[in-house]
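Across the two complexes that follow, chain A remains constant while its partner is chain B and subsequently chain C.
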Partner chain A sequence: MQNRIMALVLGAAVLAAPARAQTAKLPAPSPVEKALAARAFSVDEVTLDKNMLAFAAKFMAGKNKDDAGIQHLIDGLDGIYIRDYEFDKPGQFTAEDVEQLRKYFETSEWSPLVRDRDRKTGESTDVMIKLVNGKTGGMFILDVCPKEISVVLILGPIRMDDLGKLSSLGGLGALGTVEKSVQDKEKKGGHQ
Partner chain B sequence: MELEPMDDFEKELRQTFERQPAPPGMKGKIMARRRVSEPRSHAVLWQRLAASLALAAVLGGVVEWNWHLREERRKGEAARQQVLTALRITNHALNHMNKQLAAHGRAVQE
Partner chain C sequence: MRRLWWISIAVVALLVPVVVLAGSGESEFDSVVHSIESKYHVRANRIPFLGVVSMISENTTQGGVGGLHVADFESFPGPVDGEELNRLVAQKLGAGWGRMIRETSSKGNEQTLIFVHPGEKRMGLFIVDLDKNELNVVELSVDPRHLKESLDRYQHHQPQGEKDVEGSE
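Up next, the complex of A and B:
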């Protein structure tokens, strides 16, 4: 009897392990964020885990066409982690701060999609995607302007078709432009 | 002769109004009846109290449920606003990326 219980417990653990591994967890806030937030005049922080996203998606159901599109996009995502720091003048953060942020989020599972640097202005953009079995499993954007830093981390399967559809919504035009680039990357990733 | 019935009537009236002692055992009977009716009135009081409590509980439940619904709606709206903020910032970052790439002559679509 005891052996059976042990076998059941072990079986459940073996089954649960991959299921847990499939759900990506949101990272803890990076240490440099506190210092940036203290210096910024405007801070936007959005952290939505899988449960909150499911809750928001439920709330968006049946509201209108735009909400339905967003609901479809966020449905099944594992998490959204957004930080946006706006500063009143340039020079409120250093290149080292940005590098710390980049290193904190950049891990081996992310593939660079866009890496752009402007040495004159100090502006930079990094777009990385996470590929899981040739499919998009996440997107990371670190956008740095002289007076603004934006960190966007979206975890989970991103439906690029839905992203493209949202380009028709007011203020979400740029979301559609990334669709093609990511699809190209997926195709390459799928062949690897 | 004609006044005779009136006298009888007066006599009867006088007899009726005459103070008479209560029949023996009357006090005992009344007290016994009171003892029986007292618990009944207590039961009615308890029933009314229980009904009031039940009504208060039902009303409380309705108020609580309404509050819960309102709170749920408020949280849902907050979550929706957060999603919209997230998309707005994402869009802003991607817009900036497009501008930068366009400035460097390397559009994303290429």
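Up next, the complex of A and C:
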């Protein structure tokens, strides 16, 4: 009898394990983000985990072509994570802080895709993509203005062609520009 | 006689967990409101006839919005530690709820937390909003398909000029 109960418990655990593994957790924010949050005038965070995205994808199904594109794009994603730090005056964060944010994603898995710097205004945009076996497995966008820092992290397989469609979702407006940058880069690469 | 004795024991044994569960069955909404009350030493104003309002909203939106609960804290005592409030709400809501949106100001007098609970067909929304000295707690259940249909209908009827306002910015 005891063996039977043990077998039942082990069986249930084995069955439950893959279900648990499927819910990918978003990585913890980099330590510098805590310091930025303490100095920021306001902090906005949007977190869409796999469950929420899967739920949203269910209701995107329709005749509308754009909806179908968004559904296709978000269905396979593991999560979307946005943080926006707004400061009441310039100079409340240093170049070192921004560099630390960048370094958090400068690992062998992540490759820089867009690197834009404006020395006059101090504004910068970085886009990095995560490549897993030659396929896109995530995207990291860091947008820095004198009084604002925006961090966007998208985890999961991303189709660059559909990326701009996500720009209609709140807080992801920058993705339209990213899609255009990627297309421009591809065009330039093709002409070389 | 002995059989009757066993039956009564069995009935009591079955009833005890039911009574205990019913007694501890505080809803997530009440649990969060009570925790805020005891943590910040304030009393919530409950809106009278909210059950009726919820029923009417469910009918008028054809099931789009329902299960409405509202608690309003007037004269909420000053700024709060956003992290502490967030922890309190998340802890009381428990598993199944995920925080989707958090807005917080450094001075602590403006805080917004939106938690969602995706279900099979409906989605639970739990909103905690602090604006200076007023804190509102709202729970509702929405049918996303219904809401999307309404939004699509609105976009369909929107004049072309209005549609392009966002894109032209």
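In the analysis below, the second predicted complex is superposed on the first by the 126 of 192 C-alpha atoms of A that agree within 3 Å, B and C clash if a C-alpha of one lies under 4 Å from a C-alpha of the other, contacts with A are read in each partner's own complex, and residues count from 1 in each chain.
FYI, a contact is a pair of C-beta atoms (placed from the backbone, for glycine too) under 8 Å apart; a residue touches a chain by one contact, two chains touch by 3 or more.
None of these values were measured; they are calculated from a predicted model.
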item	value
Touching partner for A:I154 - first (chain B), second (chain C), both, neither	first
Touching partner for A:S42 - first (chain B), second (chain C), both, neither	second
Which partner, chain B or chain C, touches more chain A residues	B
Which of chain B and chain C A:F55 touches, first, second, both or neither	both
Overlap of chain C and chain B interfaces on chain A (superposed complexes)	44, 46, 48, 52, 55-56, 59-60
Chain A residues touching chain B - in the complex, by the definition given at the top	44, 46, 48, 52-53, 55-56, 58-60, 67, 70, 74, 80, 82, 84, 114, 116, 118, 123, 125, 127, 141, 143, 145, 150, 152, 154, 166, 171-175, 177-178, 180-181
Footprint of chain A on chain B - complex, ascending	73, 75-77, 79-80, 82-98, 100-101, 103-104, 108-109
Complex interface listing, chain C residues touching chain A	98-106, 110, 116, 118, 123, 144-145, 148, 152
List of chain A residues in touch with chain C within their complex	38-49, 51-52, 54-56, 59-60, 62, 64
